[in-house]
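Can you read through this structure? Questions will come right after.
A, B, C and D label the chains in the order they appear, each numbered from 1.
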């Protein structure tokens, strides 16, 4: 296993691209629309999930909630994005609203805009995400520093976020 | 805590009532409709759940699947019943089908028939169930021996089922 | 996987041998010595462990404690037996006493008598146990019905015990 | 709950004291004695434990091992210290050696020097530790930045270590 920087699945340190803007049709748990542009200066933790994906329910969403609980909102913004790419009729915003309520999810969640020529939604395509759950980390300058498919260990994620927080 | 027979939440041993027949609008994971009458001679494990209930997803459904995996189909029939009493628009049969697929549930599941004057469906009402998950145990003679709200310990459930199996 | 009777690792149902008597040098958690002969009429759950065996600490001992908590002492007797077959100097009765205290083990535990020509102690040899944890189940008539190496699922163990309880 | 800096149990950021030197009678998993002085330039994660403390076995030691596995040895040094303050006869170095072997612990472990006038050993006293497990974090300059009793969440520990790594 490759070990770069501080861990096996390291942050991108040189020449990271700007993170694509979110393309969202509906927001939950927030009074108005969010944008990465508006969050510049904070570290953004983007958690892409589907409400009926077992790995998301069992590991990804609880981890995102733990991150939201631990770090100060002034420095870290956790955003869920509901990237439905299968079972579209089963995971509508109506179902998502019930899911959010039943699982006590408190961080903002946006519904990824449906794709125009295929099942994969727009933001998911823009980030090149290959499935769910996927964790994306964006630094204070809006650059995309990590896109990790599957559940990351808390130790790694905590270290990644703090590494980004320590950068100006 | 009361301790009767072999455990704190014991089977009903004297004068158990006949279990109400299932009232189901649609079946999954089985070629035709099931009825308790048709399963006479087997022990029936009835698992009432809602697909967006956290305790069901995390504990109840996995336990029902373990029971289905462990005991012989010739002796024990595990049946899920989707007793939606809240968030009805979020937990339709279309969403349930995706849930069953994604979580690899293999035992038969019936959709409880909607109530005529309230949110609680028919079978749930007939059994007097007060929430989800609820486990109901029915003996070889079709009598209702236990209705337990919340997740039971595996040790208790295994003992309960074997106790019923040992009865003629 | 073989599926006999009610599960993949079934009880021995025909011609089970008498369980060898316990050969113990010291008892904990009980006022006087125990013997299988003195427990005739009860189901005996024998849990063979070593205090520094990870599978014992993490799964076997907690399961034995759950069994002791669930079933009535009038019907089921849980007995731990400390079958040290390696690291003998590290797992003396003095260390075992601290272990029992720190992990809040409440069921009786006997120290298996050291072997005369090898590292394996006497009771462990008599039962043909091949490692730890091992669970042995003895019926009301003192017959050995199961010897299972490794942690059994609670569902299976609960069913096994109840099956034995239902036999006269 | 107090939330300072990035989490509820924050690192000490101003005027941290120099970490007391380790006082160890015997080392495991390392060819020669270690000292904080010799590790200057690295972040040191000091994990104080007792081998028969349930919280240590179940949470503390596995977490320390995960830290050792994740971070590069060039930057982070994980050191266990066996701070026996109770059941001294039960947790001798002989027993500790078997524990280390059975639980596959690979990071260096030192045996804390017994106290001269009481049950608490020397290093434990010097750090003001009040029990086990305790996690202490020491920065690249040898200053003590955190002493936390009980198991910390991985997310918090990962963030703490990375915060220290980012400091010169």
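FYI, a residue touches a chain if its C-beta (ideal position, glycine included) is under 8 Å from a C-beta of that chain, and two chains touch if they have at least 3 such contacts.
Predicted, not measured: the structure shown is a model, and the values here were computed from it.
Across the assembly, the mean Cα position most removed from that of subunit A is the one of C.
Chain geometry summary: the mean Cα position of subunit B and that of subunit D are 49 Å apart. Mean C-alpha positions place subunit B and subunit C at a centre distance of 33 Å. Mean C-alpha position of subunit C lies 36 Å from that of subunit D.
Across the assembly, subunit B contributes no residue in contact with two or more other chains. Under the stated contact rule, the graph of chain-to-chain touches is a ring, a single cycle where every chain has exactly two partners.
Within the complex formed with subunit B, the subunit A residues making contact are 52-54, 57-58, 87, 89-91, 94-95, 97-99, 101-103.
Taken together, the subunit B residues at the contact with subunit C in this complex read 3, 5-8, 63, 66-67, 70-72, 75-76, 153-163, 165-167.
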